[in-house]
Amino acid sequence: MSKLISLPEAAGLVRDGQMIALGGNSLSRTPSAFARELVRQGRRGLTLIKTAGAYEIDLLCAAGAVAEVRSGYIGYENLYGMAPSYRRGVESGEIRVVEHACYSVIAGLRASAYGLPSQPVSGFDGSDTPALSGFLQVEDPYTGKSVYMIPKIRPDWAVIHVQHADAAGNARIDGGPFEDVLISRASEGVILTAERIAPTKFFEDKPERTNIPGFMVDAVVHLPGGAAPASCYPLYDTDEGAVAAFLEASTSTDASPESLRDHLRDWEERDHRTAEARDYRQTEKTE
Amino acid sequence: MSKLISLPEAAGLVRDGQMIALGGNSLSRTPSAFARELVRQGRRGLTLIKTAGAYEIDLLCAAGAVAEVRSGYIGYENLYGMAPSYRRGVESGEIRVVEHACYSVIAGLRASAYGLPSQPVSGFDGSDTPALSGFLQVEDPYTGKSVYMIPKIRPDWAVIHVQHADAAGNARIDGGPFEDVLISRASEGVILTAERIAPTKFFEDKPERTNIPGFMVDAVVHLPGGAAPASCYPLYDTDEGAVAAFLEASTSTDASPESLRDHLRDWEERDHRTAEARDYRQTEKTE
Amino acid sequence: MTLETESEIQAARTAADQMAVCLARELHEGERVFHGVNSPLPMVAIFLAKKLHAPGSVLIEVAGSVDPRPDRLPFSTNDPALCQGAAAIFSNADAYDLFARGGIDLMYLGGAQIDKAGRVNMSYIGEPSAPKVRLPGGGGGSVVMEQARRIVIWRVVHDRRTFVEKVDFVTQSGNLTRVVTPLAVMEMREGGLELKSVHPGISVEEVTGRTGFPFDLRGEIPETAPPAKDELVALAEIDPDGVRYSEFAALRRAPR
Amino acid sequence: MTLETESEIQAARTAADQMAVCLARELHEGERVFHGVNSPLPMVAIFLAKKLHAPGSVLIEVAGSVDPRPDRLPFSTNDPALCQGAAAIFSNADAYDLFARGGIDLMYLGGAQIDKAGRVNMSYIGEPSAPKVRLPGGGGGSVVMEQARRIVIWRVVHDRRTFVEKVDFVTQSGNLTRVVTPLAVMEMREGGLELKSVHPGISVEEVTGRTGFPFDLRGEIPETAPPAKDELVALAEIDPDGVRYSEFAALRRAPR
């Protein structure tokens, strides 16, 4: 039974107000096209979960799609600076932040993956973050040591861009997996966008390399270039010009809604094209 | 800097009274030769950690090397039945047991890997195990739910038999990883026995497939057939005759010490041979 | 080894087939099912169900493979052959996590002692501090029994040492729905385990006589549906080596 | 973009080289070192140290690769190029776990505000409930600062907005040993951050004038050892593209 659907269908699975964990990290293997499609469909009130995010978080913030962000870091690194739309949304009070460290996001996701109400995390003494975010301590019953417990983070959806998937939802990630295996376990449902739809035999030949087993996955979208303008190792690098152009447009406050529409229109053809037409280099190596 | 040493040298790293986590599971990818060498060297007072163990645990129990076992299951499955030496040691009071479920062993190892004094585990209500083993509960600060906390299990050594290692200690496991990645993270030191010493390039070509990075590893022993008489996927199956012979000898109570010596002598040449002489089929595929 | 009579051997074969079929019927289409170590009958039952009425069910087996398609069913349920044809391999922790978050529908569980309340002992006969018998331990089961949605217990021995008034030690309890033995199928009801059906050729008296706790016998106890023809054909196809017989003392394949 | 004068550009280059060298000197042979996102100078410094005095140190970088040997140092410290030549790749969780169990010797950390007590703010300027500026957040740093054995902070901006009497929000604190800026090296002592050395051509007065908290100036403040010839040669070799300059506004490579 194939789980292959179109990008608009997949984005349609996400409902207003839901919690989404986004795969990749910073400008690497980001589910960028999926985020653009959520904006095209006018999604609202989302809670976004990511250890360290950039473009796709900022884009959803620019579109007013975001109610809350739980994250360790949102920014574009030094080449581009801070995430202007995220920043504006938080400073205006439109977007609620649950201040986290990357590792406490991981702890909250682990609680969900492990069937626990909360997960202890080491560190966090001497930080104002736990108090601000309402993280509570328990006393370890063996040592008497105080440990912060991070409440379970159970996203409705994990949205993950991968290099290889099959129609059954098996997925393999090349390069750094970041938190993608964890978010696939922690979330209620999993949506994949994939550079390449491989035959199931590709996974059966090296089952140890399958990061996400098909039975956990709800939908697969064949979407070469789906991480752009972020990078997708080893297929394509970050499209720095496109990131810079997006940032320039969203930094000029007055032009923002219109420039966002332009940005989405610029990418629409690529996001919606059939898999045959590929802008991004596509290797068909099988290891 | 090569970490390659001989089996006697590697077993010599373990001192009397230390805690060892053993890799593999049941009769799969067991560090059997390493256990035999510990017996040859007369090691005493060991604490053994394993979710589900068979031959190597039973052998160490037969030799009187074991003070304590923390495990979910020790037995040979239905083909051979219970582990007689383990059973005898526990029933006589010589071997202390901390009764566990496999998942609570995992939780204790996670506590160590995550730098925590203890790790919550779901389940365990309606079991006599936590009371027997002294596992304590805390109240989750968010839901008020009681959760069992498993105290940190920090072995002095993880001993893991792998298919591929290089001289720097990078290791790749084919087939089920069982708990081996976790015990490599949870333990103070890591000792590998490996079917094959690969060039480092083998790992650099597919770094995603490296289960244990070299910097975590203290010693590597080139030991083809080192899991036998347990299996090592996909290289060799369980040597059922050898397991049955060992069991038969150790079940007859009067002949036990002598038969153990015979067993160790039978395997000594194979355990100590140089890597050139190989009894077990050795494939040199590089994926 | 004692020499078994031909009729004992035949009875054991019939019981093994009946049990495999009963266990297979417990797995429903689309469900996620797990079996542990030392579980030949459940392994056979799962592949039987997948061949018959539950082709879309997902097996996560204890060696970590997801939905393997082995060339032949191995005698050890922890055999690397169970990785063949799997599109993914889990660590054990990954599988237990799946239980912990409610992701497993059905687990087949063993048990040395089972009592009326459905409590299971896999740990100790006698006092744990000075046990008469140190059993292997609960393995995964001792945590997951309350995490899987449904637990089905199978035992190839049906006697008063196994089915006891009260277990010596509660390794685990919870979510038990059925117990399948060579004599009968029990069902967990409000008041505890009751007889659901008795296998063809077995009398209710034999079952009660070999069970250490009482059943409510006021209603009629139906006969277990015997293996249907398609079930027997499928059994022979998926398990030509007779892995399902390996748990029975009368049929045990001697180790080489 | 403003046009920078030639002398401003030259001063920034000198400062970047000095900082890269100072940061490299903090890494000792055999140590495990981590850098996070947005860390061009530490990345260059680590490869510099590995080339010079710490060839056996182990880099775990934020994209997960262990000890990569990239063909060229990328401008983004989260670039997939940092996977090249790595014999292993970690998940982020695996790297943070390593911190949590005390397995990282040295981490280089940034910070928007740093105060005398060595506390770091990467989160908010103003009140967190109604911030004047929402900063990117602490990333990994906000937990690991008390987990790494030693923390070295680098900042390419040395002014009173950065080095403040008291941070607006303590994203994290702990284990700080050094702060490296374009002007000086500070050292964490009993009473807080003090001047360890001032870079060649910089006066102590300039440093104190641009620092928002006081230093103990009773002893003599030495001059930072300038980059040695072998350090400069190695720098040019490992970073021919000038990644180390990319953090400086005067030298910033405009995005294409």
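Quick notes on this one:
The chains carry the letters A, B, C and D, assigned in the order they are written, with residues numbered from 1 in each.
Methods note: a residue touches a chain if its C-beta (ideal position, glycine included) is under 8 Å from a C-beta of that chain, and two chains touch if they have at least 3 such contacts.
From a predicted model like this one, the values you see are computed outputs, not experimental measurements.
Relative to subunit D, the most remote chain by averaged C-alpha coordinates is C.
One simple way to say how far apart two chains are is to compare their mean CA positions; for subunit B and subunit D this gives 42 Å.
Each chain gets one centre point, the mean of its Cα atoms, and the points for subunit A and subunit B are 37 Å apart. The centroid of the Cα atoms in subunit B and the matching centroid in subunit C are 28 Å apart.
Residue positions 65, 83, 89-90, 99-100, 147 of subunit C each touch two or more of the other chains.
Multi-chain contact residues of subunit B, defined as those touching 2 or more other chains: 114-116, 121-122, 175, 177, 208.
Contacts between chains form some other arrangement here, matching none of path, ring, star or all-to-all.
Contacting chain pairs (ordered by label): A-B, A-C, A-D, B-C, B-D.
Residues 32, 56, 58, 65-67, 83, 85-90, 94, 97-102, 147 of subunit D are the ones that touch subunit B when the two sit in their complex. Across the interface of their complex, subunit D is touched by residues 25-28, 51-52, 71-75, 77-80, 82-83, 86-87, 90-91, 93, 97, 99-104, 106, 110, 121-129, 132, 175-179, 181-182, 231, 233-234, 237-238, 240-241, 243-244 of subunit A. Here subunit C touches subunit B in the complex through residues 37-38, 40, 62-65, 75-80, 83, 89-93, 96, 99-100, 119, 123, 128, 130-147, 169-174, 246-247, 253, 255-256, going by the rule given at the top. Note for the complex: subunit A touches subunit B at residues 114-123, 136-143, 145, 147, 149, 151, 173-175, 177, 206, 208-209, 287. Listed in rising order, the residues of subunit A touching subunit C in the complex are 1, 112-116, 166, 168, 170, 185, 200, 203-204, 207-208, 210, 212-215.
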